[in-house]
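Okay, so chain A shows up in both of these, paired with chain B first and chain C after.
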Partner chain A sequence: MTDLTLPKTAARSSDEAAAAKRARMDLISAVVRYSLLFGVGFLMLYPLIWLVGASFKTNSEIFAGAGFLPESPTVEGYVQGWQTSTPYTFGRFFWNSFLIILPKVIGTAISCTMVAYAFARFEFPLKKVLFGSVIAVLLLPNVVTRIPQYILFRDLGWLDSFLPLWVPSALAGDAFFVFMLVQFLRSLPTDMEEAARVDGANSLQTLIFIVVPMLGPALVSVCLFQFMWTMNDFLGPLIYISSVDKYPVSLALKLSIDTTEAFEWNRILAMSVLTITPALVVFFAAQRYFIEGISAGGRKG
Partner chain B sequence: MRSQRFLGYAYLTPYLIGLVIFTAIPFLTSLYLSFTSYDLMSSPQWTGLSNYERLFTRDRTFDKSLTVTLIYVFSTVPLKLAFALFIAAILNYKLKFINFFRTAFYVPSILGGSIAIAVLWRYLFSAEGLVNMAIGAVGFAPVDWFGDPTNALFTITLLRCWQFGSAMVIFLAALQSIDKSLYEAASIDGAGKVTTFFFVTLPLLTPVIFFNLVMQMVQAFQEFNGPYIITQGGPLKSTYLLPLYIYEEAFKKFNMGYASAIAWVLFAIIMVLTLVAFWSSKKWVYYAGDKRS
Partner chain C sequence: MAQVQLKNLEKVYNKTNKVVHGIDLDIKDGEFMVLVGPSGCAKSTTLRMVAGLEEITAGDVIIGGERVNDLSPSKRQIAMVFQNYALYPHMKVRGNLSFGLRIAGRPKAEIAAAVDKVAEILEIEPLLDRLPKQLSGGQAQRVALGRALIKNPGVFLFDEPLSNLDAKLRASMRVRITDLHRQLKAEGSSPTVIYVTHDQTEAMTMGDRICVMQAGHIMQVATPKELYNAPANLFVAGFIGTPEMNLVEGAMEGGEFIMGSQRLALGSDLASRLSSQPGNAVLGIRPQQFSLVSEGPALQAKLVNAEFMGHEVYMHADCEGRRLVSVVGAAEFEARGQSDVIRLRPDPKTLHVFDKSDGRNVSLHGGSIAA
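Up next, the complex of A and B:
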């Protein structure tokens, strides 16, 4: 009997030792993992935290130390930066950005929904080729079409207006969004739509009353990304907008670097904080849609 | 069925108009313009291959710009993706605060393309900026970030890598969708963590690696804001990426023909690399669904 039980207990104690060892290893690896994540997170976010702190510093204090808390907080940078060296305040530039963004987002949402609906729910000749063209447009570098587009907009008399920034997007020009919505729509069941059709709804009614509500979260992602990208867009306005009174914030910020003698850093940093604030607010209010949107875009289709 | 044929096209109309007017025609027009001399004032003059001949034989700015662009893309994309995958793999364990970390790491991707961040970068790496202060605090001599050609390009590369969050989120979503029973099977077979990562996880991630690789490459070749704001292409054209060169030729000097030729060379490079990626993907990208069917 003893001969039989002995190995068992030995095995159990070695099991326990292994378990203890595993627990220790898990603890070590958890510590390593968390310190790594916190370290990386700190490195990633410190420049942003510092930026916010520095925007309340005086110009001389900005170069005095690496800490982010200002010694004697001042809003001088904001007050002076807001005035700009132009006849306009930053309020004007924010308004211009808003005027560019709103029609662009609405146009994108409507046109991309229609196009995605066509690809996901209808059969028509050349469908495969045309969907292939969506992928091609997605991968086509803008740099190759930019010059002729500029010439086209010049011939149409659209230069120095917001039309070159609105119209291509309103014609489903951002293939990424079409692709994203098609992927999302294909994953949705069609029985609701069929029920609506049986009840006599035509395809447009089905689109508006059945498909659009189901597309909700994906459509929100589309709008948020378009908002963000348009807010950050610099090259588009740089090429097409030439009057200062039509400048969006991205161009205005560039202008304030160029015109500020010897870099009044506190003004520039203060205005930088203001220009990223809308994007940050929108992101934190709706981050779920960003994360889901970007993950959906990466899924294999 | 017959009316459906028209219906599909009806909903497709905006896209078709946009495709023809803003993509297809400009695409062909720019190819045509690349064989001309065109200053926007008089009509384009056909000059045959002379733009391309000048590019490849006499234009030293182009040589420099092309070299810098290739160095930039081939250093930035692998660095960014490796880092994104590394962080995603760490986040994939059962961790507390996973949402907090995911959000924190994603914030730079939201803001990274903006002019504000390029401005911040310009300060961070300036002679008396935050980075040199931090280096000084640890006891090292300050680095001349914008005066030295290699360092200047490195700051632009870092700005891209800082925005690893969007690629990371895609990796993380893919990692979380991997069937847990595969890991159990690997562990029963005695595979360690590293072996499991390289022989189970990595093959299953190849579709998203491929997706990220192509998208990041196409984007990196078109980087403009960073070098335009932070370094203005300098010093000694060490950050003068091709999009900057094209922009200046086209919209500063109005050499539309020559700028189109540069754009087409850039496009050809991107296209060839994309095709190589697609072609080679048959050999290294593993689609679980395809094998089953």
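Up next, the complex of A and C:
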């Protein structure tokens, strides 16, 4: 008996030693990996962290050092920045941004879905040429169409209104989104749509009841991108909107730099923080849909 | 009344690629018709033309006496079950079942009653509030079947509905579908079924009649028994039956079949049906029609391999360089199959002789072999 148990115990203890060594190595490797990740992440995020920290500093402290912790935190920048140098508060500009974004996002989602559905599922004359032109528009730099577009909207009498910002999107003017949805649709099996046709649904009913729910994840990202881009769009409003009472936040930020002789940097930074907040909130809220959405497509046995 | 007629049906893709070559097929009211063939034989394309999911290049599809070429799928009194189930992923089972009725704008009470009835028939009541992704393959297939059933159509179209299921489930679903068809017939609604499959077991067990297709042509339309006993050509002979029929090339001469150095008398019955003209032919022998003999006229072959299947043994033998498969009872194998050289005697009544040049079964109705 003893002969048998002895080597066993020895083997077990050497096993345990190996296991303990492995656990120790795992721990060390985890510590190294995470500190590296944390270090690089912090480095990348530092400008953003500094922005938030600096928005609570006084004007004189902002340029005193590169640290992000304010010595004597103050919300003065927020209070005065919100008032702006115009008759309107920053709330008004946020409202304007909202008025531009909401119709634009809805218009984009509806129009791009319909156009993408047509390209992905139907045969019609000149389809290839038309799709080719969509791709061509995608590759075209925005700058080249600025002047013709401006002249067009001027002649329509749409200057200093939100229409030049809304209408192109509501007519599926954003080729990128059309392309993205077409690609997504092509990856979806057509069986469900055929089943719907056999069930008696017409093309529009199939689109609304079958295709749109399956497109969900792609549509969420379309809306998200359009929201971010519109929120951050500076050139569009700059060109088409001239009255201050219609300025979105992107223009209003520039306003506070223009009109004051000595820049109140803490106000500008405070308002910058407020400006990026909605985008961040929306992004983190919608992140979930990205992850769970992709797997919700068709099922295979 | 829903007999289905295909008249000279053709399908051409991209103007040059002809995949269905003028099919004529009459399917009787209430009949269970199976379209079977190897993959790429255009059986699914044919079904999709009947469904209205594929445009018809030429010819007519007639359902219940009405030409439906230009009608949308929903107006053709059809319902279809897809290979991948094609359940709407975002709707619960209840929603999937009722979608067609809701689109048609039926009253809510009627829809609920119809859903309950179908769920009861298919035993899917506990699943009504689940999403498709929460169903197993067999359950999903039953829901897909329910979605077809709820429409009470004149014609059921099945597009390889069981090929995504495992073997055991496939066997039980096979019985379930034929049972359902029989039940509906007994209730008097007598729906016609067109069932597409590449699996000849499914075809043989389910069909009232079977239409064997190859490369866009119909090879033979017949009952399962007739297909097995009287295949019209080489393709059907090789396609129907497991293990496959032995097809041996050789020459016909004076009522005997000659392969290499061996001669096999075909029996007076078969010989009298064939012209005495000599020619190249293919002899078809079902593996089950061989018996192991110790003496008398037979084909001598070298035993290469024996697969033990329980009550029977599949013997693979080499006969003058040709592979012969025979199925014999386990006891018979024990008694006479142990030597290296075995003697296989085919039952002369079940032999088939095919013309080598065009594949016709010339032993069926009497015919000559092209010289």
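Assume the second predicted complex is superposed on the first by the 246 of 301 C-alpha atoms of A that agree within 3 Å, B and C clash if a C-alpha of one lies under 4 Å from a C-alpha of the other, contacts with A are read in each partner's own complex, and residues count from 1 in each chain.
Throughout what follows, contacts are C-beta pairs under 8 Å (C-beta built on N, C-alpha and C of every residue); 3 or more make two chains touch, one makes a residue touch a chain.
In this text the structure is predicted, and so the values were computed from the model without any measurement.
S.K.: Between chain B (first) and chain C (second), which, if any, makes contact with A:A201: first, second, both or neither?
M.R.: Only chain C is touched by A:A201; chain B is not.
S.K.: Determine, under the contact definition given at the top, whether A:F209 touches first (chain B), second (chain C), both, or neither.
M.R.: second
S.K.: Going by the touch definition up top, name the partner, chain B or chain C, that contacts more of chain A.
M.R.: The partner with more contacted residues on chain A is B.
S.K.: According to the stated criteria, A:K127 is in contact with first (chain B), second (chain C), both, or neither; which is it?
M.R.: First partner only.
S.K.: Classify the contacts of A:I268 with the two partner chains as first (chain B alone), second (chain C alone), both, or neither.
M.R.: first
S.K.: Touching A:M231, do we find chain B (first), chain C (second), both, or neither?
M.R.: In the superposed model, A:M231 contacts chain B only, not chain C.
S.K.: Just checking: does A:Y117 make contact with chain B only, chain C only, both, or neither of them? Give me first, second, both or neither.
M.R.: Only chain B; A:Y117 stays clear of chain C.
S.K.: Residues of chain A that sit at the chain B interface in one complex and at the chain C interface in the other, please.
M.R.: Common to the two interfaces on chain A: residues 297-300.
S.K.: Taking the complex as given, what residues does chain B use to touch chain A?
M.R.: Per the touch definition, chain B meets chain A at residues 4-5, 7-19, 21-23, 25-27, 29-30, 33, 40, 87, 90-91, 93, 95, 101-108, 110-111, 113-117, 119-120, 122-124, 128-130, 133-134, 137, 162, 166, 169-170, 172-174, 207-208, 211-212, 214, 218, 221-222, 224-225, 228-229, 242-243, 246-247, 250-251, 256, 259-260, 263-264, 266-267, 270, 274, 287.
S.K.: Which residues, counting only chain C, touch chain A once they are in their complex?
M.R.: It is residues 51-53, 72-74, 78-80, 82-90, 99-100, 103-104, 132-133, 137, 140-141, 147, 151, 164-165 of chain C that touch chain A.
S.K.: Residues of chain A touching chain B in their complex?
M.R.: Those residues of chain A that touch chain B are 33-34, 36-37, 40-41, 44-45, 47-48, 50-51, 62-63, 65-66, 111, 114-115, 117-119, 122-125, 127, 130, 133-134, 137, 139-152, 154, 167-168, 170-173, 178, 203, 207, 228-229, 231-232, 234-235, 239, 250, 253-254, 257, 265, 268-269, 271-273, 275-276, 279-280, 283-284, 287, 290-291, 294-295, 297-300.
S.K.: Taking the touch rule as given, give the residues of chain A at its contact with chain C in the complex, in rising order.
M.R.: 189, 191-192, 194-201, 205, 209-210, 213-214, 216, 296-301
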